[in-house]
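Structures for review follow.
Shared between the two complexes below is chain A, which pairs with chain B and chain C, respectively.
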Partner chain A sequence: MEPVATSGGDGFQVNGAVLLRAGSLIGFGLVIGYFALAAPGFLSVGNITNVLEQSAILGVLSFGMTIVMIAGGSNVVTGGIDLSIANNLGLSAAVYAILLKIGQPDVVALGFTLLTGLGIGLLNAIAVVAIGILPLIATLTVMNICAGFELVITQNTVLQASSPLLAVLAGDGPFGIATLAYLLLIVALVLIVVIQYTPFGLRLYAVGGFREAALAAGVSVDWYIATSYILSGICGSIGAVLSVALLSGSSTGSGDMLLSVVATALLGVVFSRRLVPTISGSLLSVLFIGFLINGFQLTNISSYWVNGVEGLLILFAVATTSLVRRIET
Partner chain B sequence: MATDISSATASETVAQWFRRSSALRCTVVLAFLLVFTFLSVKAPGFLSISNFVNILVNNFTILAIVSLGMTLVLLTGGIDLSVGTAMDVGSLLFISLISAHQNFLVAIGGGLLGALATGGFNAVLIGGLRIAPFLATLGTLFIGESVQQLATNGGQPIYLITGTLTPAFGYIGHGTIFGIPFSLCLAVALIVIYYLLTERTSFGRKAVALGANPNVAWYSGARVRCTSGLVYVLSAVTCGAAGIILSATIKAYVPLSGNAYLLDAIGATFIGTTLHSEGRPSVIGTMLGVLLLSIVTNGLLLIGWNFYWQQVGTGVLIFFVLAMSFLGQRLRA
Partner chain C sequence: MINHFSATQAKGDPVLTMHGIVKTFGGVRALDGANLEVDTGSIHGLVGQNGAGKSTLIKILAGFHRPDAGSISIRGMHCQHLTPRRVEHLGVHFIHQDRLLVPTFTVAEAMFLGAEPGIGPIPLLNRREMARQATAILRYHFDVRLPGGALISELTPAERQIVQISRALLRDPAILVFDEPTAALVRQEVDRLFEIIRRLRAKGLTTVYISHYLSEIESLCDQVTVLRNGVDVGRINPKSSSTSEIVSLMLNRDIEEMFPKKAVSVGEPVLKLNKLSARGAFIEISLTLHRGEILGLTGLLGSGAKELVKSLFGLVRLQGGTIEIGSDRTEIPSPPSAVAKKLALVPEDRRAHGVALQMSVRENMTLASLGRFARFGFLQLSREKATTNELIRKLSIRTASQTSPVRDLSGGNQQKVVLAKWLSRQSAIYLLDEPTVGVDVGAKVEIYRLIGELAEQGAGILLLSSDLLELLGIADRILVMYRGQLAGEFDPGNSTSADLLSCATGTSTLRTGTETMAPAQRTMLGKDRLG
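Now for the complex of A and B:
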């Protein structure tokens, strides 16, 4: 509920945000530089590919979360958030694995998996837009329902799955680089273009940034918010396919990813010029976390530190962001 | 709001009916009665004193205490994602001090102090640095996870050896006052304290004002940052107490076990908001929410649904309760 500044401080505003963005990029660079010196092989093509491959699932989920945050506005309690996305992945992965197990071809299994994600997105959209439940609590209940159904159909076990498509996804693409790494970059590129460079994306930002203004300008606000949840649902099921490929089956405990997804989407804000959620910012923050985990492994630092460092990063990023915003106004 | 002017006419629209009807405001009460009746008929052994005691002790107590803290925080318009962390920290210090043969009261004090520190950290971030509560407590949650993993070598539980425990220790987890389990007595006492705190004190009024409109609260001279920091400290200490009870009951500290209560506490509090005409969290509403969740879990178990279907059933039920009440709010507005 900050008072909206209508004028003034333009010059400094740019400087502050640019400074923060530059600072975070320099921070990113420093971390990579440190690990490059401390861990031989950190900057090898093989290792970078490895990081991209490991980050693919988190990345795709983080993009979905970012889209919802763009359309829902920046307030995390009343604004847009999709807590169901991690369990959506769990349920969709279970659907995919089961359909392959009972002998369905890849096309059918893939179709139903994407439909599962679409359905979950639609349920969120109905709950938020048509019924008017707060996104935080609406997606929380949908998350519980997804978790329940996943348990019912998998009986809380790991389901092995294999198929020609999965073999391709889990293997290497051109130049011996993992297919998942390519997929992460392709999905990111497509979404960057759609969200950041099309009229559709611009309206999405307009809806989240100033709902009343968007309404007055004739944007069908409800439709855009609903679309954001559906896109996020589909991202969840795409993530599921990637996860089945990476782990050669469905896995339990996918819900544990949720907080990391939220964290990376929020952390991505500091990589954008206007301090708003962007797909490119989320990609950078996912890679940042990916390189951090990888660097810890290579330099034999206990992985127990990862969560704490991530937490400190969030706090640091948010503290500096709010500081920059306060100086602006 | 001049909506009450519209009196009942022959051609009453659905929206007008909703506006007049107080039934939807009580969706949670209605849902509660429906579920209760359904389970009484369908679930064998549901309608018995021993089962109710069982529900209150095993399902209700811990979640109720955690939800109290969450209610206070949500009342101020914030959110506390680190309730589980405060529980875990309280439990970790309590069990560690007990297993180091410290005095029983010292261990309780240590546990509560640990939780206090967690809440203090949140308070500094939110009241002092003015970081958004969602992000601040998310950060605390992540840091708490690392701290626990480092302290327990990656998440190894700490078990107490039963023979070495003093009678006082057993009392928290399994003792009774006039036949009522101690943990339940403590929960009831905390509920009364929280009710009085939110409804009858100036601190409670400030918290409500802060949640309703922080700018107006500030202009009215309320010490906004002080209040918004203090609620996180209170929430954390309350959750620390829940953590101590939990670990005293199971005679162990299980790392990262508190997070299981986070989403249920948020859910229960939001179910409770449907009781209030403006959708404000309240202690009584939250307790109804916790009770609803508790009897559903217990009842579905008695009916013979396995754990997996219980989760689906509970999720769908909560979804409908929320849908009804938000739909009602929207039509009334």
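Now for the complex of A and C:
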């Protein structure tokens, strides 16, 4: 009995993903390198922690989006996506600010804020899983619901908020580094462990990777998809708390973040060997965008360029990953 | 979780009983009171044509579908509501035809999905343990060494199959259900699979084995249940009865009718190739295809035969040589230009570029040739309907109506719809790439008849097939390719599959097998893959 050949495909497929990943990392490095030369102080500890702090909100939202994309699969049209996540932040932030304003303690305000996010996630889950609406459409409508409620309760104004918790969050932690920077890394670390190193995470990937295979393995597919939306909803409200801390109040126009969230979650795919969304990949792409924006500011490039660049990055991520996937199959 | 129940089950008692199972999909009765009784510790074959209800029966057993009526008992337990999880708890495991493995998973992840080992009480994946056990079980049962980090998408079909079987073995199954397990395997791997199944039987494991290859059923199974039109029409011992008995039960018809003979006189040439070459695929191929002729073409994977057919449809870039259609020298740079020159290709992978599942049978059939049904830019429904009716009748497609969505049809019938789609355009030259692969015996006969009719109407047919009996049965001439060149031309009247095979493999001392088609096909693939 000779051993069966142990080839791994024809080699090219593997190289496609590996090249893309290497290329993306090099691209990331080149951008950092350019700004390091062009903008003195770009690589200073102060500036780096500043970028981390500024990226915290986008990061947490991006993680939520990533989880939904993991469980929903890679199809850009029918796969998992949570378009409501940015407006979830807006509504949750408004809830937090209002509860503080009417004199509720932090615990109560925080609890209700997280409940708001959870409720929005639940609504998405019901629309997608129980009713069976395409995620793109389901979360789009929930996005509108969030935006509407936010307008109703804030009358489209900025609500100032302050509390002991907010003071801690907005301040500096150990070594004079911003608390939000620590929080971004802590949330990322926790989610990396949960998503990439537990049976729960593995099953989440199975559900998105090949639904029938997950079903055949006895995984309750619907439950996992629903959970992904609920986790995403909670990420939205965590982002809201960070946002209230950073801006000392609620803010209007949170929906503008959506493009960045989608961009970073999609871009994160190119940082993984298997071309799947990962928390670590999304963290990298969030930092990439953060450094990019920061570099623009330091080199006096208009921030109006940011949107366009993000659009290009989405195009790049979607085009290259689908190209590599096509070569593979 | 090792065989808690098997102690109470004596060998020979039924370990699995499905009784009077009825299931209807969108008006089509897939199962109409089917019974299946499997003895403990036996290897039980389940055969039937595509659409006979095998897949539906198995999907009900797997907990994917809920039966409309009937009862199921597994290891003495009466099961009312089967879910995939419950079935797995009862010790029933499936090796699915579709190889249900997540492509982005590593071998170890795919094997342990659903039953991942943790690190003590901490709910973390024990990747090291997973990799160790995965490697060990692959070595122990299959003598296969796969790198632990290899992704499923990087594996060959055979390797994926092996991973799936290992996945089931990891869970100490009591009943293993194999659904067409050998479709992607080469001869040696099939032998090893059989050896494993027999070894598992010796340990008291029960196997349900579903296959199109009757020779496999004959050599492996203790009992066989034959399904036809959603009912079990026989439960026989293959050791004491012949394959043809099973076939006639499946078809309700004799095997002699398998290859419908046609008497068509071959006309003038429609396609002439002169020293056609494509880089890395084939060199200086010259051949002539005539009106009314079925020209068989065969060769191992990598012989260039498939590329030759594709190049005629503009899918492979040519390097040199000339193509003449009718008497005009021409070039075929792209599929649209091929269609314009009245060439039609029936691709092998029909499921992938095949049907639109949510569209109706009629829409699917006429989609590829809407131009024929249009007048002044509007579709003529009456003509569409008439053509569809004719195709449904010709191919014996089991569907509730023309407007039923294709997804309601069984797999075999879906395949027939795809075939009908390509055949509904009227072309002068048909390039058929494995038109009967994965199709059951009954549908094969219908497809052969259809090919015969096309030839009768004056079309030239280039039939690429690795089913040698099929070529011998219906082709007028057979060309064999070997390493990119034409290696021989055969007259089906006085050639055997052994002749074709030795030509295709470049040997002359090859033993060939039996009268059934599977082993011949197998040996070819096997030689190609491993030789």
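As a working rule, the second predicted complex is superposed on the first by the 320 of 329 C-alpha atoms of A that agree within 3 Å, B and C clash if a C-alpha of one lies under 4 Å from a C-alpha of the other, contacts with A are read in each partner's own complex, and residues count from 1 in each chain.
Keep in mind that, in the parts below, contacts are C-beta pairs under 8 Å (C-beta built on N, C-alpha and C of every residue); 3 or more make two chains touch, one makes a residue touch a chain.
Keep in mind that this is a model prediction, so the values were computed, not measured.
K.L.:
Considering only the touch criterion stated at the top, classify A:L275 as touching first (chain B), second (chain C), both, or neither.
P.N.:
Second partner only.
K.L.:
Tell me the contact category for A:L266 with respect to chain B and chain C: first, second, both or neither.
P.N.:
So A:L266 only meets chain B here.
K.L.:
After superposition on the shared chain, which partner residues are touched by A:I131: those of chain B (first), chain C (second), both, or neither?
P.N.:
In the superposed model, A:I131 contacts chain B only, not chain C.
K.L.:
Should A:I145 be classified as contacting the first partner (chain B), the second (chain C), both, or neither?
P.N.:
first
K.L.:
Between chain B (first) and chain C (second), which does A:N156 come into contact with in this model arrangement: first, second, both, or neither?
P.N.:
Only chain B; A:N156 stays clear of chain C.
K.L.:
Could you look at A:Y304 and tell me whether it touches chain B, chain C, both or neither (first, second, both, neither)?
P.N.:
first
K.L.:
Under the stated touch criterion, which partner chain does A:V193 make contact with: chain B (first), chain C (second), both, or neither?
P.N.:
Once the two structures are laid over each other on A, A:V193 reaches chain C alone.
K.L.:
On chain A, what residues does chain B touch that chain C touches as well?
P.N.:
Of chain A, residues 1, 3 contact chain B in one complex and chain C in the other.
K.L.:
Where on chain C does chain A make contact in their complex?
P.N.:
Spelled out, the residues of chain C in touch with chain A are 62, 64, 84-85, 88, 94, 96, 98, 100-105, 109-110, 113-114, 116, 118, 123-125, 127, 142-147, 150-151, 153-156, 158-159, 162, 189, 192, 530.
K.L.:
Which bits of chain A are touching chain B when the two form their complex?
P.N.:
So the residues of chain A touching chain B come out as 1, 3, 76-77, 127, 131-134, 136-138, 140-145, 147-149, 151-152, 155-156, 259, 262-263, 266, 302, 304-312, 314-315, 318-319, 322, 326.
K.L.:
For the complex, which residues does chain A have touching chain C?
P.N.:
For this pair, the touching residues of chain A are 1-9, 13-14, 193, 197-203, 205-206, 209-210, 212-220, 274-276, 328-329.
K.L.:
Please output the residues of chain B touching chain A within their complex, sorted ascending.
P.N.:
So the residues of chain B touching chain A come out as 77-79, 125, 129-136, 138-147, 149-150, 154, 213-215, 263, 266-267, 270, 307-316, 318-319, 322-323, 326-327, 329-330.
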